[in-house]
């Protein structure tokens, strides 16, 4: 992967920095009481979304979870639209109807995040089925946590994708916990990747804090999917370094030391080190990029904060199509 | 297994013969229009129910499916109560409320059959959990078809039983078809037993038409379960030699030759041959037993046919407890 | 006009729409080569191939969840679930995903999923193959719920469903599938939310659904003989519900009975009664009555089964009682 | 009398019953050491150990299905599902198994499963964490459905639930959990199907549930000042529904409004309206009115969220309008 061209690596760096910067701002906003609903950050896991989405075309699609800010931005959602949505503003990507757990931007292939654990797997499988029926070469990705692995949706989705040979990537971000319940407790089998065998599809484990490794593994799987060779299960071993959701306890089920240990494997720092090790002068470039990203997020935050709330009179719009009339005497 | 004492083998023979005789009668009754509802026979698969249940105590429990006559009788339900239920009579094991797919006889450990595919797996897991909480050494068995294997219930049930080390046997009767859809089409993985590995529980494959083999494998697994060593998945390779349900087409998805081939592996004939090979004079004993069984089923059928229908005024009884009053101003 | 069965009518509708729209595909158990447990896709496999008539494993939640993702990405899935009881396993995907995608996304996405299959009590199918569920689905926002009572309506409404941008539950009473009625060969659609006045009458309004339309019709003549003129209304879709047609009728008759095979509590009859009481209060000359199936699981044995479904004589008696109020 | 919160009340009830009955166990996500997302099992893990406070994987269908089998074999499972939205994935196990086992088996088996968790709109939880679902569960036979509005009722009804032989859905409105009220230290149970008259009044009957009891109470004083005397009734359980208490009240007032946060179509208000129209027709001086949350998924943004829930001023206005009828 080290022969990846520098520009691509810098893109990966920028992608991760953008997510991180955006979420650190959301954390502070949450602490200041500016975010009305729950907020699950992706801090520590950025390498997964960025590594995978860097291999996707704009018309490829992703489906994600309650912890979906990173996937949304990595797929191309402007941070402005994310932040406005999390702030509950009309300019948010879901018009303020969704919130942090319900992000939609079909024009960049973000087909949605879900507050319920499981559906992303099935919906991504469904998109894969669409591409088969429509005979396109698009690819679909399901992001989900280790918590979804022992849910029936995992079983049913992976099996269907395999028997119909669908162009789908199943990306499990094994951050070791579902809220506070450890994966090793919930799962009779400690390996997610190994479960691919149960369905007859390839399962690959990768260091989810190494964006270059994720990029490589995802790239191959997407290539396979696009060329009609079927689905792949990828287990990204990673860790969230913030609490499950903002405002929640964090050291009742894991130690500060463990968290600190993982912070030292931060995916952004790691790529930074690689880049700088290759070329000491890179430090400056990266610094400049950090500044750019900061400016982008400054602007996005300002946009979000200054955006209007949706009009209460529109609360019932979009339940049905056809100008949201509830009854169409068509 | 050949050192299994003769008496036990004769019991197995009698058990299989009883189910077969009973169901052949039900087939004829169905053809004569005497059975009001659907009727899925177990013909060809008797070795599984009989082999497994012969290893169980009366206070062990089983949970079964739409194809549950065999399990019910093997666990100790009197054929009278089965036939009366299938005939819709008040004397049936479920008082005529259930029918062929809803058989209950808790006093012999038949905790129910289900018209919906999947629940037997979860409910057996639940019984295993009860036994853990109650600290008894009872064992619970889930019977299910290959059709349930790709259902989320399989995934969730097997995983829970494994992580909590529950005394449960998961007995998959792989008769190769779910209605008319072949297992090799529905499943990314051709082996059910191999899927045990996905959950970290032992998976064993056995010839489901060989009652002695089933008895051996089930006996070991039940021993393991009873002594606290946890669940086992057993895949019994078998075949139903009648249509999915009485009255349905049968040769649109499989050939007459294939069915005939399997008929030649009939589990009852096979045991008979073994017994007779050991001792030629056994023929007479078996003949006598066949006659006994026939008399038993004659009597059962007569009982069923002569039993009264339930009183329509009781149609709403047993929705709730407390004398089925709908509202208990307790 | 030619007469065809309910089953033939829906098969025609589906085949016509599939011929026109290559984005339609059907999924379900045994709906491929076999042509469906209820012949709902008979012959289509040969016409449209395995990708568009896709047999599934038994994983209702899975393939309904799949349909959501497929619909969001440009196809139009038809889920043929055989018995409505089975898709309770997919209730989360229907209620929290399919029904909400349009709203959650601020209108950016649509989920034109058609969920179709059988409902209803009959033939000792037992309690896991007899449920109806339309009140439950009508309760939640975002779903169209269609409950046709005859071949003509079934064809027109299935075609409407396959052209709607909203998710639709299309529920077919088992006992109606082989019933025939005249259905034109020409193309026609029936809009959602438009009731059918099955029979005009002056004395009492009866609203009935699916099989109960026929059971009620059976006693109308007899009642006519007794001097009671029944106006019989079939809402055809329960979400949306065409309350205007019912109100107009009650305005005329002053009396209303709702006959529905499935459970009363929080059911369709309750909703109609509540709306008519609210908006037609001054028109009412008597209490609104509901006649529902028993509030119990469906028993297997024929005499018990008959006891939990409204029978024609019960319907007639309810109407007489209501006339006496 | 001491005052404790709703949460404390249910925790007490559960702990008292667990101490008495070793067959009770609790399952759910994070209900072990963590003590539950809503502190519903706080401290119980240390008292009763891991087998009786069992953390689960995220497999709602699985552990609800497990509960059915456990209940049939002698234990009494409590499923703590956190948000009611999540157990839609288990709807099949609830409606087709747990609710029917007693009936299907001709009374030979019981399924005393307690399914408990949170409902309700508030705090921008978003559309996957705001549902209420009690009308759906009340529709099906075989289930008790409890929707308490305060700590006292919650304790008495939870204890009743843990002593019932029938399956119970016990639904706790998120916004009520930290509300306090007087709760005696002594043991008490509250039977199912017994409404509470929250406030006596003469002019109009208002039936309200859960959070809406408090929203309505808020405007009662104000209306008193305007000369309108409200009788406020909290049914506490929606299955069974105590229609007698409501009928008695309407007999007195002649006017009825049902205020319910969740969806109107085929909802609790519809059922009450239908029954009161039927049995209390002659008592009615005005149409029965319903005030429900909007029939739309729950939006996230605070002003939208507020717009889909009945607010006190809307309630007051509905009552005034009804008085003017």
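Lettered A, B, C and D in written order, each chain numbered from 1.
Operating definition for what follows: a contact is a pair of C-beta atoms (placed from the backbone, for glycine too) under 8 Å apart; a residue touches a chain by one contact, two chains touch by 3 or more.
These figures come from a predicted structure and were not determined experimentally.
Visitor: B-D versus B-C: which interface comes out with more C-beta contact pairs?
Guide: Of B-D and B-C, more C-beta pairs in contact link B-D.
Visitor: Report the chain whose mean Cα position is at the greatest distance from that of chain B.
Guide: Result for max centroid distance from chain B is chain A.
Visitor: Would you kindly tell me how far, in whole Å, the mean C-alpha position of chain C lies from that of chain A?
Guide: That gives a centre separation of 40 Å.
Visitor: Could you work out how far the Cα centre of chain C sits from that of chain D, in whole Å?
Guide: The answer is 30 Å.
Visitor: Using the average of all C-alpha atoms in each chain as its centre, how far is it in Å between chain B and chain C?
Guide: That gives a centre separation of 36 Å.
Visitor: Please list all residues of chain B that touch 2 or more other chains.
Guide: 94, 96-98, 102, 114, 116, 118, 150-153, 155-156, 159, 163, 185-187, 319, 326
Visitor: Counting only residues that touch at least 2 other chains, which ones in chain C make the list?
Guide: As it turns out, chain C has residues touching two or more other chains at 56-57, 59, 61-62, 85-86, 89, 92, 96, 103-104, 127-128, 141-142, 295-297, 299.
Visitor: Give the list of chain D residues in touch with chain B in this complex.
Guide: 22-23, 25, 51-52, 54, 56-57, 59, 61-75, 77, 92-93, 96-97, 101-110, 141-142, 160, 164-166, 189, 191-194, 240
Visitor: What does chain A use to touch chain D in their complex?
Guide: Listed in rising order, the residues are 36-38, 85, 88-90, 92, 94, 96-102, 114-118, 147-148, 150-152, 178-181, 185-187, 252-253, 309-316, 319, 326.
Visitor: Which residues of chain D touch chain A in their complex?
Guide: Residue list for chain D touching chain A: 29-30, 33-34, 37, 55-59, 61-62, 85-86, 89, 123-129, 294-297, 299-304, 306-308.
Visitor: Which positions of chain A touch chain B when the two form their complex?
Guide: 150-156, 158-159, 162-163, 185-190, 194-195, 197-201
Visitor: Within the complex, which stretch of chain D touches chain C?
Guide: My answer: residues 61, 85-86, 88-89, 91-92, 95-96, 99-100, 103-104, 127-128, 131, 135-136, 138-142, 239, 241, 263-271, 273-274, 277-279, 281, 284, 286-290, 295-297, 299.
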